[in-house]
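Two complexes follow with chain A in common, the first pairing it with chain B and the second with chain C.
Right, the complex of A and B next:
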């Protein structure tokens, strides 16, 4: 699993900015940051992360690879776009943060047990199975992620919402048996596999 | 009449601020015929509305007075106030310019005795104090006004208030029948000394200008510090008239921002450094100034001034562009939120008053200019394709007064060259 990481370390030795520019979505814009601090001050979740975007960008330029790729900050972004609309240099900050999260995840360096990352993984695996999100299974898996007891507690806490959704025909209990999928499931899986192949090739991952 | 004396040997200077006055004077003192047109009723432009200059902390009235006397003494300058250029046609050495002259409702008999202002009770917002107070609808813009002639605001013409002004005038100078006039002139060269305006601070939404009364612009702060301003020179905040002893200065309010003005306005760092000294002047050691900045751009020899302010114990610097401003509902104090770049500390700091160091936007932004005029990406005038029209002063680049005067002198020399070339071609 660490081969992709080792390759990247070898290739961009001591030049993490170059690595980000080459592999992270909108990574070439990182060098445009003038360290004014508006993004950091504008983030509604700012006080709750380890590193603000301003700090992440400075760390990238300072070559702090392990700290950046191991940071939980990119996963804390809620995509409110406050930083992006206020950035005086018009850096696509939100996109860069997502790009960094994706890159760290693929290298296997993203923090373990980070809730947003875990949920994103859960969502992806669920959606990819049948080409449609099985909301019932997604919710159940999410509630029971911490074991049986906490799962039952969490599910019971949400039962009135669940019942409301059921009565409004927004939640089908039959979905527990696998649920419905897209018409051409085989074709869908082929598309996803191809997309992954293209992305891997572009980003230099060998899978 | 001005129209009859204008020829293709005449230089037209648009704008009567410090740059326009300089450009007009330099050409006129070389013996060239100059027509100086100004949109407002007085000369002096934005310079006349400053309290002090940096770096010498002297008063603009001093230099203004010298220039006004030069203009009065010079027979080559024809001044037209309340006049705007509406159209320009032709090419280098031979332009036809259409001017619109707004009625002043006061003729040249005026002795500036002020009886009309005493008689009138109607008031209008005072643009010379950036709308911070009101003035009588019959007014002399400011003490240094040139020409020293009153103006009747159009809002009272045709009302009993207007008649009161007319009745009060002992020399029959109030003429309420004046109409707007259109004049067409021939000129050889044009100098646009149209200057700048403060960027509309209300557009910088997170700073709450217009929503929070104790958030003002640097230009408004100049008026607060000026003895001729709305507070008689006392630094009282607009919200409740309380003394503003703890003042925050926010740099790059609009400038260096792709969402607002993409250029660095160059003067604002020095303006804020200067204004910290107004706070010290007013309150001594009790005053407190905090400058929030991305980086201080005190260009070339102004570094000395920056170092002097750095040594001032009442002034502190925070390297951070403020992210947003909130208001303390109890006392009306603005609260500044952000993260500083030296250590990434999150702050939420309360101040009595926030001064936004607003950027310079060319006054001609949004105005249709002759197609030949070349503008840069921020609407500053670079010149013209035919080589007969020039930008001078802050119309050509964000400049302080000193550099605006240099720029205007250069533009004047260019215009003289055009006139001389035209003359020699005609002689052949």
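Right, the complex of A and C next:
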């Protein structure tokens, strides 16, 4: 168990709703859910997740901490915002799901090897490395995530697409040497470090 | 002086040789025709996109967006910020609204910005390019520079998610927004207004991480365009464009379909209608060639 998780468990005991309200982005809105299920029927990934947003919100109120923070559902979010615009109680469902995913990820409770959890981490690290996304490296790192052999197989499977994009001037092989980026990289990184420091302190992620 | 000036936030995909470079080229073409001056926000950075939530968290995501606002505020005062990418627009506008709504968040954000010697006063106005075209120019205004009609072109208007939800274009519905169809009709094309997949999600970032699940979405989007007799799909979003165009060959391979449906940006349609060449419209940037549009451009 991570230190941050241990601290949270001890601090909130049996009040998981309170923990979510305090630490999860837009978590204070969870209690507004009236269990109508419109979100569940609106999600394009509906056939694939274990719990609908509606279920997740009820589970939070029922104190099902391990089940919620270990659920794959938040990582199935494509950020289409369908649930959010249809919610009759105007819960910012997409943001809450993002927030829960981040919280579970930071506490080390999110499902291991969940493909979108891994890709999301890869994406953020890629984007902040130079301040702008390096699409070539993002693609390569994603394909080679499972090692060299499976990477070559996956990359070969997509090579016609890659070549097409290159010919259409939409993929730059030279990005392997760096690519686009912000000039004031030091300042950019300093902003992120400071923001993270403030957030970690508020949400109890500091050890 | 140009008729309208904006602080431009092109975003990572709309850079030279990036996946939506054809969007950028065609946007520049229509701006010339409409006398719009776009000035890039100096040293802008990535918005974090939606999928940045997992690792990025809340404040770091908002702070990097605020860095762009601070740059625009200092160097391009008074200008609205305009994004062409749906995800950039969404992330930036979401950040803007959160910052507008919370003095505490603005304080914390400025604490982070101070680490780079920056400060954001507040009051940025973040808009999508489509919003600017419709609200500041209007359909009649968009018609004015027309030199050619797109007559005879049957076009499925695929709006997708993030240009439509949660903000959308003022006065439009989330379930059946009409603006893209109206833009097509303004240019003389035939909008397939019964196209029922117009707001279906393409899978977004999950096209990478969960290809099987996303390709089902993409198949529906393309199939429905064929069912309605479309000759091409038009979209305002770079990720929609890339996902719906790029994965057609994969779906063909796996599922035995014969998809070959061009997917273009509204800015490419407009460039051609404004008399631009195929090169001005960056039609050489399509993986699936939009031959009928190229033909009109060559006339």
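Following the convention adopted for this analysis, the second predicted complex is superposed on the first by the 203 of 207 C-alpha atoms of A that agree within 3 Å, B and C clash if a C-alpha of one lies under 4 Å from a C-alpha of the other, contacts with A are read in each partner's own complex, and residues count from 1 in each chain.
What we mean here is this: a residue touches a chain if its C-beta (ideal position, glycine included) is under 8 Å from a C-beta of that chain, and two chains touch if they have at least 3 such contacts.
These figures come from a predicted structure and were not determined experimentally.
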{"item": "Chain B versus chain C as contact partner of A:34, first or second or both or neither", "value": "first"}
{"item": "First (chain B), second (chain C), both or neither touched by A:50", "value": "neither"}
{"item": "Touched partner set for A:89, first chain B, second chain C, both or neither", "value": "first"}
{"item": "Contacts of A:192 with chain B and chain C, given as first, second, both or neither", "value": "second"}
{"item": "Chain B versus chain C as contact partner of A:120, first or second or both or neither", "value": "second"}
{"item": "Touched partner set for A:142, first chain B, second chain C, both or neither", "value": "second"}
{"item": "Touching partner for A:42 - first (chain B), second (chain C), both, neither", "value": "first"}
{"item": "Chain B versus chain C, judged by how many residues of chain A each one touches", "value": "C"}
{"item": "Doubly contacted residues of chain A, that is, touched by chain B and again by chain C", "value": "85-86"}
{"item": "Sites on chain C touched by chain A in the complex", "value": "12-13, 15-22, 43-46, 48-60, 62-64, 67, 108-109, 111-118, 161-162, 165-166, 174, 200-201, 203-206, 208-210, 213-214, 217, 246, 249-250, 284-287"}
{"item": "Sites on chain B touched by chain A in the complex", "value": "206, 252, 256-260, 294, 320-324, 337-341, 344, 346"}
{"item": "Complex contacts: residues of chain A adjacent to chain B", "value": "34-42, 46-47, 52, 54-55, 85-86, 88-90"}
{"item": "Residues of chain A that touch chain C when the two form their complex", "value": "25, 44-45, 48, 75-76, 78-82, 84-86, 94, 98-99, 101-102, 105-106, 115-121, 123-125, 127-128, 131-133, 135, 139, 142, 158, 160-161, 164-165, 168-172, 175, 180, 182-184, 186-188, 190-196, 198-199"}
